[in-house]
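The next part holds the structures, each set out as structure tokens.
In the two complexes that follow, chain A is the common piece, with chain B as its partner first and chain C second.
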Partner chain A sequence: MLCVCVCAYRPVLAKAIQSLSRIGDELYVEPQEDGLALRSVNSSRSAYACFLFAPLFFTRYTIPSGHAFRCKMAIKSVQAVFRSLASLEKTVEKCHIELDGQKNRLTFTLHCRHGLLKTHNLSFQDSESLQAVFDKDSCANVFRAQPRLLVDTVVHFPPSLEEVTVSVSDERMWVRNHVEEEAEQSKAMLTELCLASDEFDHFAAQAHNSITFCLKELRGLLVFAESTGLPISIYFDEPGSPVVLSVTDNVLEGNFVLATLSDDASLRKNNTERVRTSPPPPPPPDDFMNDDMDSYLIAMDTSIAPGPSTSRPPTTPLADSTCSKQPAAANHRTRLHSEVEEEDETSDTDKPPNKKFCSLFFGSVLPPSSQMSTQPLTKQEVLASDSEDDTPGD
Partner chain B sequence: MPLSTQSQPDDEHYALVASLDNARNLSNILKAITFKDHAIFTATPNGLKVTVEDSKCLQANAFIQAEIFQEFTIKEDLVGFQVNLTVLLDCLNIFGGTTVPGVSTALRMCYRGYGYPLTLFLEEGGVVTVCKINTEEPEDPIDFDFCSTNVTNKAILLSESLKEAFSELDMTSEVLQITMSPSQPYFRLSTFGNSGNAHYDYPKDSDMMELFRCTKTQTHRYKMSLLKPSTKALALSCKVSVRTDSRGFLSLQYLVRNDDGQICFVEYYCCPDEEVEEE
Partner chain C sequence: MKFRGKIVDIACLNHFTRVITTISKLTKMCVLRLTPDNLYFVLSGKVANGGVSMWCELSQANFFDEYQMEGVSSEANEICLEVTPENLSRALKTVQSAKAVKIKLTKKHCPCLTIAAELPTMSSINRVVTHDVPVDVIPRRLWHEFKEPSMPDFDVSIYLPPLKTLKNIVDRMKNLSNFLVVEANLNGEMNLKIETDLVSVTTHFKDLGNPPWGDDASQDGGPSQSRDPDDMAQARVDIRKLQQFLMGQQVNPSKSMCNIVHQRILHLILLHEDVSLQYFIPAVA
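Here is the complex of A and B:
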């Protein structure tokens, strides 16, 4: 089995790998009929990214017909191939990627100026297909913006900040740093930016929700989007279901799927207590303008995600909003706990680690046969599964 | 130069007196061989040779010809001493080693003979610093017996092309393998790291290849840790000559152009790591 991709060198390939390296430690490579897919997922499986380079991206794209092949390798070793990113742009003339299933090696050959030939033979492991299950087309909220807008927004947050909260109304989007409830209110600093709808290329907010997600992965995508100048589309529904950030071009597509904060998941896992099964009202974004921070924080903290298999209407009913402070207090403890465990997912198999973020998806254990007929990502249903046991074997 | 007039009367005591208008012409080239503290200085009427060694497997020499110095007076045919190179470099940069054009540190280096310290007079902007560095018992440098008649393969490359390769080398690889061959792949650098192997091939007709003279295919491995210091010399140089002899010993000669456009040489010798079966 031999797969060959040849292309005139384009920095976009190296940039994609660089931004994938912000997500996880491993790069999943899968040559598909519709292009070369490069994917990565973080260790807690709350963030996933995929770049698909269409056959047209390459001057030559040959994959064996009949059986699928995929592999994974340390992303660092692939980054090493494109180490001097800046000079590569000037020196590399042609890039040749060859995946040899027999020899178990992925070969990058860079044809450089002055006849210099750089060959990197990387060993890899077989892997299951890594496929996040998400459906950005059915999302109630869709925005599209130039990377500059988001870069200028994110720059106001300190590098140490982990999560941001995005809220939307018909006319505006608010982006603010997410402050932990445990944090001393007197010491916490709140930064909030308000973006008017006319700053966006496209602004459609049907569900006035607030979502909280990790900033690190967004930054990774921004690096890519800024260098390629591609607009970023944002799709999301409600707290707990993933937010999808995507960049598209004629020959490539990049999707970043990030879990959003949902405290219900960790509670359900612990079987401690079941909070109300009906969703709380989404906090009216205008609350940001009030000084009543506490009520806002509590409202957000008790927001509930849909269960893995429950299908729900995209808009959340506003009734049933008897928000008691008891579950919120319980949440505080579990969340503090989950902070610590987030990094270490293998620690305890009997009791899955608590996570603030529902781990997303996963079609990662789909049998190879079904992989052949993998539908485009967009046909899948939204699943916010919190199951831990479909981790692909290492 | 105030320095020259000041110390003139003492000159007859010194076995070696060397003056430089710009101390950086010496310190830069010494940096290219700084990987161990002890440096053996050998002065002859032709100039100054500074030798640094590591593990009896690596030797680096810097040659500074007598012409580079504004004054180079030697009483004997050969004057040898050993000093701590790090200390010497610290002294040479005692005024901060500024790179501002027009500002330079003038140096006058004097050595009286066995048992005496190496005395440095450094002057910048009218301020004079005198440094005395204790000399050590000189050791005999290893003779690698690398003789140009035994050279099997030789290639001269523009440093620019090797700089890129060396900056990207997979440092998880314990060795750097150099293949030189009259046929494909001509000149190849290979690493074998944790994540796989990598090859850098230079065709013999490349613009970067100034000379390519190979008689026989040779593949030898050299410890990455030993070769790593040579990247300092590579960074300074404009051309490098790569030679291997019949035993697989490696000689890397770097042509270094200093601030004033004069040419100096730095040379590295390295023992091969182990025999590799030749294809």
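Here is the complex of A and C:
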């Protein structure tokens, strides 16, 4: 099992890794038929990022057919390969990436000027498939902006700020810092920025909502977008469902999926009891929205495991089309599922959730055949190991 | 109680920001006193802030294109607010390119100084950013704590060498000792000394010049007249306090001087056209 990717050196690869490093500690690498996927997720699983470099990005892209392969490694070690971006840009001519499944080696060879070769051998671990389930195309609110606009927006907020709230109307977008507790409000400085719709390349706000999400990951994407000059598209629906930030050009696509806080600030600072008595303003679609954590969960639909999310109405898991082409093993899904379930259960006890954003939207992708069906997957309860052998080949 | 100011000129905005940033480096909290003509940033020497006090005076006309204020009452036409200069500085720093910046006293979730700026954009509509900096309104009965400190009856007054030079020396001395002795005489000489069990270091400056205080000075033609020009007055101060003062310095003063009350206080004064910043560091035994 050997995958080889060769490309003329472009800083965009290094920048992608740099912005993934803002998300999580591990880099998930998966050579797919439609390109090389690099992914990362944060420890609380509230933020996920994926870059897909199309085969055309590379001068040579060969992967063994009929055999899915994926691995993960510490993102730090990969960053080390691309340390000192500025000097790399001047000296490196070609970049050769080789994934050797037999030797458990990921090899980066940088072909520099004057025939100098720099080889980095990284070891890796096998991993489950990491795939967030999201559907940006169905989002009611879609915006596209030049990275400069967002960089100029973010600069108004202190580096220590964790979350921002974005509100939209037909003509305007407001960005505010999110202040957690009422007690803090008297101390905290509030910053609000108002952007007119014509500053955006595209501005379509069908649902006038406000969402709150982490700024750190957005900053991470901005590092990438600014260096590549690619416009950023923002997709979101309503509080509690994730916001998707994406950059695309003809050879690469990057998607950042970030959890948003569920609707009401008053919901979060109290325990479940309180929440039950005062449901969020837009009434939840079912009786089991008694825990605000539930509203983070999307596409966690067909679970038959006991737990608070069991009886949620089935929402069709729709995976993003570009990132979901490979069939993935159901056991991976199960594994991630079980993690989510665990968190769910903790949240259902009287202890209020300690994380503001909770784990969500993970389940790896269903095979296309079952993707649209609402029929529960019987395998889901099984806590299977993530060994490669169970993976059905395609 | 009303306050509203507007800065249009970019140089004024820049200068104002630098003053506030300097203050933010000196203290976490301070009092902003607004009068019809001036703005004052005041830190009164309490034990909690190490006995250090500060008095910074700005003439509003030199910064603001529009300035309206209405104090607590007509006979006490002032507003006294406790502010976090760091917040003000941060808010102002991000609006350096603004077409216009308004600073208003507002009542939001709590009393705030609202800094609103119109930022230039390519679009027809301006981008507007507002920063609400929470403040505490100081009741009138406490105002007496924030009056201008009287000029101490100093023994020696001397012009300071370039602050950058001073900073470099103090930074190095700080590695060796926690306390530093500043001494100066009326002959234009100043020494910075540290003394520990292991090492004694002294930096000598000469020909600095002594400011002519004339009749303004509070010493009634007093001690400094009769003083032996070579006789040193000295103050031993916490080196971190002095370092803090030198470090945050962004005003580029046209004149900087220091007054020493022997073994009592080190009084630093920076003058820059319309701004004066005074900083008092108590001497320790």
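We adopt the following convention: the second predicted complex is superposed on the first by the 269 of 394 C-alpha atoms of A that agree within 3 Å, B and C clash if a C-alpha of one lies under 4 Å from a C-alpha of the other, contacts with A are read in each partner's own complex, and residues count from 1 in each chain.
The rule is simple: a contact is a pair of C-beta atoms (placed from the backbone, for glycine too) under 8 Å apart; a residue touches a chain by one contact, two chains touch by 3 or more.
Small disclaimer: the values here were computed from a predicted structure and weren't measured.
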Three-chain arrangement built on chain A, chain B and chain C clash or fit: fit
Chain B versus chain C as contact partner of A:Glu199, first or second or both or neither: second
First, second, both or neither for A:Lys187, with chain B first and chain C second: second
First, second, both or neither for A:Leu117, with chain B first and chain C second: first
Partner chain in contact with A:Ser84 - chain B first, chain C second, else both or neither: first
Partner chain(s) touched by A:Lys94 [first = chain B, second = chain C, both, neither]: neither
Smallest distance from any CA atom of chain C to any CA atom of chain B, in Å, after fitting: 9
Footprint overlap on chain A, where chain B in one structure and chain C in the other make contact: none
Parts of chain A lying in touch with chain B, wherever the complex brings them together: 73-74, 76-77, 80-81, 83-84, 87, 91, 105, 114-123
Contact set on chain B toward chain A in their complex: 161, 164-165, 167-168, 170, 193-203, 205-208
Of chain C, residues touching chain A in the complex: 84, 87, 90-91, 94, 108-110, 112, 119, 121-134
Residues of chain A defined as touching chain C within the complex: 152, 155-156, 158, 185-196, 198-199
